[in-house]
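In the two complexes below, subunit A is the common chain; its partner is subunit B in one and subunit C in the other.
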Partner chain A sequence: MRLPPFTFLEPATLAEATKMLADQGPAATTVAGGTDLYPNLKRRQSSPKTLVSLRRVDGLRGIRANGSGTTIGATTTLGEVAAAEVLPGAIRDAAGFVSSPQIRNVGTIGGNLCVDTRCDYINQNEEWRRAVDFCLKDRGEICWVAPRSSHCWAVSSTDIAPVAIALEAEIRLASVGGERVIPAEALYRDDGIEWLTRAPDEILTEIVVPGGNGMRATYRKVRRRGTIDFPILGVAVAVDVDGGGECTSARIVLGAIASAPVRASEAEEFLAGKRLSDEVIEETARLAGKAARPQDNTDLNSRYRKRMVPVEVGRALRSLA
Partner chain B sequence: MTATAPRGVVGRPWRKVDALGSATGRAVYADDMYLPGMLIGKQLHSIHAHALIRGIDTSQAEALDGVHAVLTGADLPVAYGIFPVSQDEHALAVERVRYVGEPVVAVAAVDEETAERALALVEVVYEPLPEVTTYEAALAEDGPRIHGEGTGANIHRSNAFEFGDVAEGFSVADHVREDVLFYSGNNHAAMEQHAAVAEMGSDGRLTLWTSTQVPHYVHRTLEKVLEMPAGHIRVIAPAVGGGFGGKTDPFSHEITASKLAMVTGRPVKITLTREEVFYAHRGRHPVLMWVRTGFTADGRITAMHFRSLLDGGAYGSYGAATTLYTGALQTTTYRIPAYRFEGVRVFTNKPPCGPKRGHGTPQPRFALEVHLDKAADDLGIDPVELRLRNAVEPFSETVNHLRITSSGLRECIEEVTRASGFAEQRGKLPRGRGLGFAIGAYMSGAGLPIYWNDMPQSEVQLKVDRGGGVTVYSMAADVGQGSTSVLAAIVAEVLGLEAADLSLVTADTDLTPIDLGSYSSRVTFMAGNAALEAATKLRAMVFDAVAAHLEVPADSLVAAERRVGVDGDPERSVPWSEAVRLAAAAFGPLTASGAYTPPDLAGPYKGSGVGPSPAYSYSACVAAVACDPETGVVAVEKVWMAHDVGRSINPLLVEGQIEGSVHMALGEVFSEEQAFRGGMHIGPSLLDYKIPSILEMPPVESILIETVDPEGPFGAKEAGQGPLLPVLPAIANAIHDALGIRVDELPITPWKVLQAVRDLERGGDGRVGPAGLPDVPFREPLRVELPQQWQEVAAP
Partner chain C sequence: MTARLLTLEVNGTTHHIAARDHATLLEVLREDLGLTGTKHGCELGECGACTVLVDGAPWLSCLTVAREAEGRRVTTIEGLAKGPEPHPLQVAFADLGAAQCGYCTPGVLMSASSLLETDPVPTTQQIKEALAGNLCRCTGYIKIIEAVHLAAERAGAASGPGTGGAS
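Now for the complex of A and B:
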């Protein structure tokens, strides 16, 4: 399979990059490591006229600790994130679980946060999709996962996003119009086609991970093989525990079961103010399971993925107790 | 053919002759080839599972700059197929398409992008037909026929035999057990995608370099389809990156690349994409199986009745043989006094199935070994003991007329259970952990060739240059398994040389003498015997000349360490290079050839051509698993495999085959599945098709058993396929030991494990699997006379 033809731009500074994006309009797409974008282009999921590469943009790569937390530049590779001792274990684990070592050497954290939503019916080559008939996400009129739906159910498949949300990280976006900082959660939209709130001319420049005193966090990933595979369920849990061992607050975020990461709010509320006893963990896990309504559009089946939510949330909480 | 005990390279572990080339990237695969002026060929595929082609408009594609030729089915009207009885394929669909992915149009253009653009300009008008994708639909009398016109059941092959009196056998049984199991289809997923480069010479001769296991069969097919004399066609297999049976058919892209080269006068390359490999397929047949066995109270088998229903996909391929293989080898491990087999293969609108490692036998072996494990439980007999009580003896004959020679089955069972601590641990591990056991047997080459003939199946020629260098010529295609290294070892052993002293010319229909190909585990045994004969003849000439020179009898001589001389007397010897000069002076051209024709092993009935082999390998396997009852995830912690290889010509290669078999079995048992929604492959890519990674791969302890087969070269038997067979049932049986559940349907996914666990918790039998076979119109069995040996047993 070959890439479609495109113009490749390599800005050296952020200002140049944002200007290129603004000038080119929606026909342009950013690319960092390309490990998500290029395979999708080979399958003709889209055919952008111009790619603006971030690889040579100065100052976007690297991890810096500051007083209140740690800042990770958008083009820092997943391999670098996984190896960075200054970062919380949960985010390092999540980065280390992404695909394979080769892809982690190239794929970036910014690209991971923006990674395209996935579905059994879209991540196929063009001839396959023509045989089935194109779907809502590209050229078509129908969602093959839920044929009566007017909405695309492609799955948010980033491993980092659930952890970023659980850790209450912030995202910095830059465009010719200036910069804005938003909570990680606000980057996502539960829509397989428009899965990011990022404007087309905005570049994600960094992610800021707060220090978090007393915060314990973990990430668990369900997939068929121990490597290569995308998550078919990701569970990020962060709890703030006070001196007395009580959870003052909790964030339980489910990845890869909807078009955006899902907060298990009922479970979070239940857990607040309680100790992580066996009974509390079990009930929290059960409540978290209610938040998940996966469709049959990834590996294994949706019932299995739903069934795994309480199991994995329970295991996550036990590892934090 | 026998030979004296090896003293040189045979039996020693050493690196394959082509290992460095593969490991350093210097090996040249078909896709690595670039010839001057070469065009790139691409194919357009059917987007319908079943449709009539109402029209093809290629005019716009032909008009595109950079396009040199466009072909459709009309350009290649001759039908072909690997089996003489199944000449049902066309290189490009003619009038009708039968599966999504079937090649319809081919173009040759200056580069891949142009070829792709050209295909996008081709217009094909289809008239869709109802698609047939399930067993039930295929068997329906009122459904559409995939081959032929009108309606009717889509039965491709139907076989039924009865050996001995099965009704009588069941009537004397103390216990009768029935099981139904399903084995899903899967692809070979060789690392190298198929690729072919064709060139038409100015002399009017066509050369095709192709990633194939069977240059000879490709050669025959090109002769037929291109309507050219075979002598004008040359087929060469360059380095091949794995086959596993996926490169044993002649393929559309080989024929279309050749035709495009003929039409354009320029070399043409076609490399399949991974998607196209899944469509070209020829992988493992999905088989639904029913088995019924009668036992005496002490566990002796009194009768067995086995039924298989194969989903063949759209074309015949090897299916005629596959159908028979699902019934042929059950008797090679167990003494079954009365045996009935019924098999039916149906056509469906899916990519054609064919042979994959173990060809038609892993499915029944899985069913049989799980079935026997359950029977052992019923009877209260240890599962190993049950196997031992029924084990086939060496040098015996099975009830279905298979001649058994050497067999290390008992040693395999003893060694593998000892090494794994099976008896001490099975049934005693904590919940979630378990051990499982199974055995298997496989052929060292099919006794009969694919098209009937009484010529040798393998020939090898040797030529010696004046410096003593020896060139070995064989058509056997090394597909990574190391067959060339095996031939090198045999020749080097006989001549007292090292493998590095040989020049190896293989898999070239112009230069090398016949070998039918790398399938059915035949090369070590058959080409090995031919090499042994050729080397022995060459050595005899050399010995005669050296004997005359040293004035000693020829039979006192040995060839070892690059010298020829009197055994045990280094003073009276000459270097090999001197020895060949003496021989050349005495005899002229120093060449020799050897051939191998298997003994006539077919039984006295039609259909007996499948199953006979000059020798069978035996294996026994124990698998240890750790299951998570909450997630349904099963990890295989260790596999022990004892394999009777007769003689390991190179232990490193035998262990490699065992480890590779375990890996492949792991994929088939848990995650690899050629799965469809209707006629659509659910994910023809290596991301969706889940081959286990290195992280899933357990340590493997290989135990090599050497029984020194009387007819194998140096006693060797096969190792490439047999070791796969017992792994799947051993794992399924281990899961039962771990959790008390039975997943009688592959692949064993976490979801199925959870369903079975839940069923058990709710008081059910903890089984997930098919309920039964649909209504299959099996034919009346052919009642076959018992072999002599068994008639005596049966007599009162």
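Now for the complex of A and C:
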């Protein structure tokens, strides 16, 4: 499979990059590692006229620790994130679980945060999609997962986002109009077609991970093989524990279960103010399971993925107890 | 879409090529430079057959726009041997029969050679992790892992006890 024709621009500074993106309009898209975009282009899921590469943009790559936390440049590779001892273990694990060593040498943390939603009916070549008829996410008028739906159910497949949300990280976005900083959770929308709140002319420049004294966090990933595969369920849990061993607050975030990462709010509220006893863990996990309504549109089946939610949330909480 | 000048350093030689922007490194290596040792596999980043080294790190040439490799050192399977001397990994793979159809072998060798540069005496777990992006559909992986161990043992006279030996 070949890439569709495009013009490849390689700006050297962020100012140049945002200007190129604004000048080119919606026919342009940004690319960093390209490990998500290029397969999608080969399958003709989209055909942008221009790619603005962020790889040579000065200052976007690298990890800087400061007093209140750590800043990760958007084009820092997943391999670099996985190896960075200054970062919380949960985000290093999530980066290290992404695909294969080759992909982690090239794929970036910004790219993983923005990774396209996935579905058995969209991640197919163009001939296949034409044969069954194109779906909502690509030219068509029907969702093959839920034919009566007017909503696209493609699955949020980022490993980094659930952890970023659980750690209360922030995302910095830049455009010719200026910069804005948003909570990681506000980057996402539960819509398989418009899954990001990032405007087309905005560039995700960095992720800021707070220090978090007394915070414990973990990430667990379910997939068929121990490598290469995207998540079919991701569970990120962060708990703030006080001196007496009580959870003062908790964030439980489910990935790959909807078109955006899902907060298990009921489970979070139940856990707040309690100790991580066996009974509390079991009830928290059960409540988290209620938040998940996966569709049959990725590997394995939706019943299995739903049943695995309390299992994996329970395992995550036990590892933090 | 017109071709533009592309300058690539491949296996120590600088090449000037006219290439279109959307040409992948895999296409340029095979079709413009005639370096057909690097294989087309899935072309979607899932199999590792097209693995080459870029500045010493394994990259997938099928998912690299050739222009992104400008200013970097590209090493392909053709550049692994030192002149007429095969790389120790190539000798070990031949000695142990660690290839069956051989299609995945160039990619496997590139990933393994990068591993031995950073960890001259890797553990079995490190080998498995380093090769986790290279699929082999015929031999299974036992002989491949044994061959990487053998190459490491032969190359590193200083290998300590308990680190060799496949399991």
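Observations on the model:
The rule is short, and it goes like this: the second predicted complex is superposed on the first by the 321 of 321 C-alpha atoms of A that agree within 3 Å, B and C clash if a C-alpha of one lies under 4 Å from a C-alpha of the other, contacts with A are read in each partner's own complex, and residues count from 1 in each chain.
Assume a contact is a pair of C-beta atoms (placed from the backbone, for glycine too) under 8 Å apart; a residue touches a chain by one contact, two chains touch by 3 or more.
Keep in mind that what you see is a predicted model, and the values were worked out from it rather than measured.
In the superposition on chain A, A:E10 contacts subunit C only, with no contact to subunit B. In the superposed model, A:G34 lies in contact with subunit C only, and not with subunit B.
Contact with neither subunit B nor subunit C is seen for A:V176 once the two complexes are overlaid on the shared chain.
In the overlay built on the shared chain, the residue A:Q102 is in contact with subunit C alone; subunit B does not reach it. Within the superposed three-chain model, A:R55 lies in touch with subunit C and out of touch with subunit B [touch as defined at top].
In the superposition on chain A, A:M1 makes contact with both subunit B and subunit C.
When the shared chain is aligned, subunit B and subunit C each come close enough to touch A:I228. Contact with subunit B, but none with subunit C, is seen for A:V311 once the two complexes are overlaid on the shared chain.
For the contact definition in use here, the residues of subunit A common to its subunit B contact set and its subunit C contact set are 1-2, 5, 226-228. If you check the complex, the residues on subunit B that touch subunit A are 45, 47-48, 100, 112-113, 116, 273, 275, 630-632, 671, 680-685, 687-688, 690, 692-696, 749-751, 754.
If you check the complex, the residues on subunit C that touch subunit A are 1, 20-24, 27, 43-46, 48, 51, 57-60, 63-65, 67-68, 111, 129-130, 132-135.
Put simply, subunit A touches subunit B in their complex at residues 1-2, 5, 120, 123-125, 127-128, 130-132, 222, 224-229, 299-301, 303-304, 307-308, 311.
Those residues of subunit A lying in contact with subunit C across their complex are 1-8, 10, 34-35, 38-39, 42-43, 51, 53, 55, 99-103, 105-106, 226-228.
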